[in-house]
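Report on the following structure.
Chains here go by letter, A, B, C and D, matching the order in which they are written, and residues are numbered from 1 within each.
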């Protein structure tokens, strides 16, 4: 348990120290979302209609940017193989890194979503639904993303391939996430969508650490 | 506490690296793995550090195959590879604190003293020289004590007086009942050294 | 006869989908066969040297 | 004493079986496709609702069937490759991927060509077509993984992991796309089912399906031979350097 906390503390410390990476992700998310009104036009009712979708797609793509650094940094300087020689099993190491990535990269995205939601004229309780759906659905982004990152860690130009591998698997999260926000805006019950999102997250929590660990083993060989 | 490997074969990217390597290592001994570049020194060490699966052959620690109980075997070994396992954004002290925390030890200060790293312990490793980085990496051997040391070119970027320092530490480790597997080109003229020359083995395998 | 090709006004949709299907599948067959020929052509000389290598007295312990 | 390096480089048993059934698969493919096309184009009547365009179904539906069954076959053989380390398993998955991708592409294009006369638009975000499009991305991702590893045995394991993750996700994606489709169901769109399948349409459809399957087997044998000989070539070339 002490080594789990040590690794978690170290990863968060590193993410905090390299704050620039986080600001870049947040600024990408803000810029990407503000492009839409410029492209689609300023009519508020149109923006309100496409708001939830734009925010979810923006959050998803911003999260994608941070994925390849999960294992790449440790793989390049030899830390990853030392971690694997430590007491923690590889699955646990992967889980720790996913938690660190989720807290340090995905939570800040969720934190600034309300401000952007207001700029897209999303209805008030739609913003609450947006935060809930992001909170429940975003673990899947980190989990499946970690599998993609582990697969591409030993590749030459892994970044491009990472998005091709991971985005198709993000589609269910996107669909249920946006559906729950639209249900909230239309004053319909959003519980079923959120429950499905929760199911996706739990399912990913069970499968992805093992898949990512298997992918890491062959990368370190 | 003895390491024993039988008929190890290594295939990397469909290429036969070495074939039918046997070795044994007992407490108080150093095995010096020699061989020209590409003869598989690093691959052999990585197989023994269970970072690489051999195509055939078994490695056993205290008589039990390491595949059956890798956790126990990993607790007893420390591997120093070509790369310095240091995070550049953290200082040498923070790195060593993490490693000793991670392997549930607490011997950071002895490690820093052993490699005379106290003066530069708090600078970010980014600005350290190659030799200082290598010493910070080697300091992990003291920060996380383990009976078996697997060292791949440990003294490659050290200058002469620090090589002497490392030699004494290595011999002290072996005198206290530890053991070491060493792959290097420099002749460290260590006492109680056995040699394993991969060149002859790869010739036979052709 | 051309009434047959007319296909009740939808001729071009039907024939283009059939034509495209045939085209893509035949293209796939041709590529696969050509790749196979290429590999066999590259392999032939190597197999030859291996067979001659085996006829000479085999060095002790050499891989078969 | 030295291991026979070429043991798993020339799995003769697999090649022998493949060579034996190869001529037969060519014959069955030609026969099945000929009868299927003949029945489909000449014999079966035009549909009372869709008229002649229903004939596109004979090319569209078999392609869609093959797209999905090839992916599941790849998942099964990759799992075999990972679990039992069967040397030919991952090569057969690699050989099948491009064929599956072609079938998926054909299903998409013929689907949109069928959509134009029926709904007046080449691309309608219909649940089935959308799922097929996502399946195409999975195929492209799989093939890209093979291309980006130097070490082929690593590429095999990475691709196997990816196709298994994909296989787990396909039902979830299918379910979520159907869910999404019912949420945004524009009233007017008739679904792809079209008429209740009448036997005069069903028989050519099944024959075309079998024809596509045996066509897949034929191309598959060619591609697997290429992969196996390719690996043997790499091995000989690499080891020849040492001799």
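Just so it is clear, contacts are C-beta pairs under 8 Å (C-beta built on N, C-alpha and C of every residue); 3 or more make two chains touch, one makes a residue touch a chain.
Quick caveat: nothing in here was measured; it's all calculated off a predicted structure.
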Given chain B and chain C, the chains that contact each of them | D
Which chain lies the greatest distance away from chain A when centres are computed from Cα atoms alone?
-> C
So, what's the distance in Å between the C-alpha centres of chain D and chain A?
-> 31
Chain B and chain D, separation of their C-alpha mean positions in angstrom = 48
Cα centroid separation, chain C vs chain D, in Å, comes to 17
Rounded Å distance between chain A and chain C, as computed from the means of their C-alpha atoms = 42
Expected list for chain B, residues touching two or more other chains, is 16, 19, 205-206
Touching two or more other chains, which residues of chain A qualify?
-> 221
Touching two or more other chains - residues of chain D | 1-2, 5, 239, 243
Chain B-facing residues of chain A, complex | 2-3, 6-7, 10, 13-14, 17-18, 73, 76-79, 81-89, 220-221
Please name which positions on chain A make contact with chain D in the complex.
-> 144, 147, 151-152, 154-158, 161, 164-165, 167-169, 171-172, 175-176, 179, 182, 196, 200, 203, 207, 211, 214-215, 218-219, 221
In the complex, the residues of chain B that touch chain A are 49-53, 71, 74-75, 77-79, 81-90, 94, 98-99, 101-104, 140
The residues of chain D that touch chain A in their complex are 134, 137-138, 140-141, 144-145, 148-149, 154, 157-158, 161-162, 164-166, 168-169, 172-173, 175-177, 179-180, 183
If you look only at chain D, which of its residues touch chain B in the complex?
-> 1-3, 5, 150-153, 231, 234-235, 238-239, 242-243
